[in-house]
Amino acid sequence: MNPEPRSIRRIAINTGGGDAPGLNAVIRAATLGAYECGWEVLGIRRGYMGLLEAEVDGEPGICPLTPHSVRGITHLGGTILGTTTRGNPFGMEVRRPDGSWGTADLSDTIIERFRRLEVDALVAIGGDGSLNIAHSLHQKGLPVIGVPKTIDNDLQATDVTFGFQTAVEVATDALGRLHSTAEAHQRVMVVQVMGRHTGWIAVASGLAGGADVILIPEIPFQIDRIIDKVRERDATGRRFSIIVVAEGARPADGAPSYADETGRYGGIAERLAEDIETATGKEARTLVLGHIQRGGSPIAYDRNLALRFGAAAIRCIHDGNLGTMVALQGQSIVAVPLGEAIAALKTVNLANDTIQTVRQLGISLGD
Amino acid sequence: MNPEPRSIRRIAINTGGGDAPGLNAVIRAATLGAYECGWEVLGIRRGYMGLLEAEVDGEPGICPLTPHSVRGITHLGGTILGTTTRGNPFGMEVRRPDGSWGTADLSDTIIERFRRLEVDALVAIGGDGSLNIAHSLHQKGLPVIGVPKTIDNDLQATDVTFGFQTAVEVATDALGRLHSTAEAHQRVMVVQVMGRHTGWIAVASGLAGGADVILIPEIPFQIDRIIDKVRERDATGRRFSIIVVAEGARPADGAPSYADETGRYGGIAERLAEDIETATGKEARTLVLGHIQRGGSPIAYDRNLALRFGAAAIRCIHDGNLGTMVALQGQSIVAVPLGEAIAALKTVNLANDTIQTVRQLGISLGD
Amino acid sequence: MNPEPRSIRRIAINTGGGDAPGLNAVIRAATLGAYECGWEVLGIRRGYMGLLEAEVDGEPGICPLTPHSVRGITHLGGTILGTTTRGNPFGMEVRRPDGSWGTADLSDTIIERFRRLEVDALVAIGGDGSLNIAHSLHQKGLPVIGVPKTIDNDLQATDVTFGFQTAVEVATDALGRLHSTAEAHQRVMVVQVMGRHTGWIAVASGLAGGADVILIPEIPFQIDRIIDKVRERDATGRRFSIIVVAEGARPADGAPSYADETGRYGGIAERLAEDIETATGKEARTLVLGHIQRGGSPIAYDRNLALRFGAAAIRCIHDGNLGTMVALQGQSIVAVPLGEAIAALKTVNLANDTIQTVRQLGISLGD
Amino acid sequence: MNPEPRSIRRIAINTGGGDAPGLNAVIRAATLGAYECGWEVLGIRRGYMGLLEAEVDGEPGICPLTPHSVRGITHLGGTILGTTTRGNPFGMEVRRPDGSWGTADLSDTIIERFRRLEVDALVAIGGDGSLNIAHSLHQKGLPVIGVPKTIDNDLQATDVTFGFQTAVEVATDALGRLHSTAEAHQRVMVVQVMGRHTGWIAVASGLAGGADVILIPEIPFQIDRIIDKVRERDATGRRFSIIVVAEGARPADGAPSYADETGRYGGIAERLAEDIETATGKEARTLVLGHIQRGGSPIAYDRNLALRFGAAAIRCIHDGNLGTMVALQGQSIVAVPLGEAIAALKTVNLANDTIQTVRQLGISLGD
């Protein structure tokens, strides 16, 4: 199924799922790398939707990507191709003849469109959902190379994902700003950061930002341990506390789930603040960092990782190494089979020295 | 009542109310300026509480401020003296003999403590509440010079207050980050910024940060105008919108008050998002910026304004110009009588060219 | 000569001279403001060169500016129209028939081109050189409105110019970074900032960044006073010193001019460092900040000032208030006659409280 | 020679060589980690000098480090202990009886002082010079654990060193600012970054910052290749170029060494700019980033790496794993024998995918 290296003439690039700082750097590196091989590049807008909609808002669904069109985009947030969290070719929302909405498998249509466009390979940049789709398309005959994208850094196959360090930097900066006001006012600040399934951002920003408590999904917390920490600090004259909580953190077994009760994003920070206020009598305020963690210009670390991913994807296509995903392992970019890559969630390794460091610094993990 | 300039030997400095970026710069400039005059300086911790509590958490309530102790603090957020929103000498929380809590007028005690410490003048840095207290203490015989502090920039007597531009910068940076993710996902983002009574931060950050709608307390909004704007943008292919709302913004007469309904900080953004989602069917997300606007390092503009305020306070004391507050008017620092200074709220001037600019740029003000 | 307000149908915008953070914000506000009036807008590339060169590098010399083309540019450094420090219509470099180069007055040609393009008014954004040209073109019959641009902040007619506060922020940030390394190594750091004729950037960044010595063109310095300051600090245990020097600073009368001797940009910092090393035996290092002060994204303050300038220019055209320059005076944007506006250099007011503050803080001005 | 884990009662910490962002984070983590073990901690000021000088500038040469004294220092640049590039115990500058200066081996004195202070182990944070000294002291009987410090990232034993990513971020930010002004003025900018022996900072910042040419010590450059690149860009309408040059870059064999000719720091950028101006007729300007790369607050990445190093050093002492240096290898902190650790310089791996990426992006490496 893999094309002969020399037979490549045209590739396509798309971005899917939530955005992450570094997407444009991947697009740039893949485009320039392809041109250096003498290939043409097509950008597909809004995931796979650009193949189905000839034009939206005056913009064609497909655009040529050239050295000119990817100039000066390395540092830009978002994605010049647009993205969508809808638009799965295997379950596309469609309107039925009777006017009602349903889903349909349009994967054959998608693959046919790629064929008519004479696309020899697709660089699919996306999270686990998008990579699953990419894998299925590859299995149906469309040569695909995957580029992982998750600011949560929770993909087993790669040591780090781009966008993650930028999110950590943004969260750390916010913690720094909160410190001075929390100290001046002797308050408890509860800061909710991203991480539905894993605590990578919470641990890294909490450590760098001087948190007193870090709560992550990997370690169900006991509210009493948190309150103990706030009181202990008070008793020794540090009358403020900073608590960083991943959005997916949850109380230890037996306790009611905060998330279930509140049933909405942002709930855990509010609930923690209430419990702490009630127990300690101290003012507790919340900050839900939300989308500023995933928007905006990537830091240099993420730009470089993203550029390396994009360039590596082109080398994979050139070498006929398709059906794979590029990944960072140690100091090098490697290609791992897509099927394996998307299988496993990478949770925070509780035995790693980072967690030891957290404990040695006297930071409570709520356990 | 004002002391003879030559008779000054010792002054005191305190900070009251919420913190603002630049407080430490005022403290530094006032301390260095006083030393240059040959005076001693005492810092009073936690507003006036440091005069009443001999020691808290191992720290004395009063500390000498020297050139050494104010080194390297210009760029630090918070206040090295601590602050409190409680601790009004004229209505101090005290425990009665029967064990219950009440308030008592301890202003005579406070003034007596200043006398025993041989303090010849007090530099009181604070918001309207703190400046009111300072004014009353001055009237009771304690020579006072006020330094205005409000990141909301809502004090009539001064063109600008320190901390305001830093808050605007933080909010603008957040808006920039949200832009790329809002555009990538075609979402509506509602960002709540500080401003209970005035829209200065909302206007300045909304303008600089490219908001599509700016809602301020000075202009009660009509939800239909906001929805129109979102729809108009959608219809012309800009499928995302950024709405900046001051926490004190409210709907036009006749409509129910959002604040009353939700009864809590953060309510207005959530409510707007719900209304917009319902009306337009678009995803709407909120970000309540909260305390990161007031914490952290001041930008150069605020450092300089704060340093100038602190130095001017010393010149006022030197010149016997007491019972006044320092203020920026045009390019110069002036001294205005405290009694006048604290009287008037400065709302956004709707006739000023800034609001004209907002309208010329096609930004909706919800009216 | 001024057009009837209602007769305006098309305006042009150009940018001239060195770039400054905020140029794109002016272009955006002027374009959107014009569209709101129902006018068309033409952008002239590379100063006036775009009128003479039909196409350069595949880009036409003139481009329509539309709401679409000015989207998302408020925060971008540089200018989307390009700029040039050559290209004076009254003395344009031209190749003579014999092949040699000379200058020619092409102002009539320029005006004729504007007429053929049916341009009713020109928004000329530039420094004193560009505004002088704009004034002359206005006098020859082309209706012009000027927008001042100088990051040096040295124009008498306006309280502040856009780009200045960004330059101050960049320089202050650099000073902050140097502080920790200077202190750790007990070094003298000499930092050269922009300011050929005036010390605005040096004073504002030196004050905010904690300089120990600030040298500006307005106050010729005595090298002995600088060395005294370094020694005095050493003697009291502060074994490092930070010296900020405007590129145009010079020694007091009698001493040889550093600039003459070295004859190049960057010379003054090097020479000061050598003199201080020789006199004190301490290591002295230099940093010439150079172009990073004028490139990059404008801070919110400058974005807003630039947007206000651009919007005000459109109001001036609308009101027939031509041959003027927009300017900030106090809290408002005003229009001043171009002829007056470009006449006077605004030097640092040595009687203003800012300079008093510098002295009260114990910072040496080298005098 | 290694102490029994349980026998540890007191450790010391010092910092040597040039400063790097993250030093204070190491100090904090080591101090808190030690307290958690029940140990006391002494800070030695200015490398080993604090052991020899009872007091300098009113500060004792040795200070207790406590949880209180290391509060809020994670984000601070520099080192709270001070540092020095002089002060080698094996070759200390001393004044001879005849008044002249010479060097003396004071290592026995140093070790004796540590013994009298009952220091059971030393955490020595420093570059290759300082680690060599630490190794020799260890061999003479002082139990030592080394923590590597080089912002150049050029130590073979560890994948990354703290401070490096901060330097890259600062240089990348500067490149971003230069881009807009270089483009507006169609100039060549030559930016000199740190890296005497290796090109790590140049490659990482050049890649992230969009450089057109990156020159590193590992690849001797040919000036003609650089000029070709500038001309090639000009010919395709990109009339500006950004060149990043490591301070230790040098021309290929046969060409005269720039460094030898100019004989000073900063020389290479100036010389390159002159050569490019001469050859292309384009304006070329230089920026020597210098010390702002090593001062100031570390980014989150470096804070976390430094905290992990400091905590790991304590675990090494606890486990009796002395005479080693902590290092990052893959995702984990390991301990490597000091003797091996300091032996080898880590140059940029020219076979690594990062260099491949540079070439795929069309960036010239001057070869």
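Going in written order, the chains are labelled A, B, C and D, and every chain counts its residues from 1.
Simple rule for what comes next: a residue touches a chain if its C-beta (ideal position, glycine included) is under 8 Å from a C-beta of that chain, and two chains touch if they have at least 3 such contacts.
As the structure is a prediction and not an experimental result, all values here were calculated from the model.
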item: Chain D and chain A - chains in contact with each; value: none
item: Relative to chain D, chain with the most remote C-alpha centre; value: B
item: Mean-CA-position distance for chain D and chain B (Å); value: 41
item: Centroid spacing, where centroids are CA-atom means, of chain C and chain D in whole angstrom; value: 36
item: Approximate Å spacing (C-alpha centroids) for the pair chain B, chain C; value: 31
item: Where chain D touches two or more other chains, by residue; value: 176, 179
item: Residue ranges of chain D touching chain C (in the complex, touch as defined); value: 18-19, 56-59, 76-79, 82-85, 170, 173-174, 176-186, 189, 236-239, 285-288, 290-292, 294-296
item: Of chain D, residues touching chain A in the complex; value: 28-29, 32-33, 36, 67, 71-72, 74-75, 159, 165, 168-169, 172, 176, 179, 204-205, 207-210, 299-301, 303-304, 307-308, 311-312, 314-315, 330-333, 349, 352-354, 356-357, 360-362
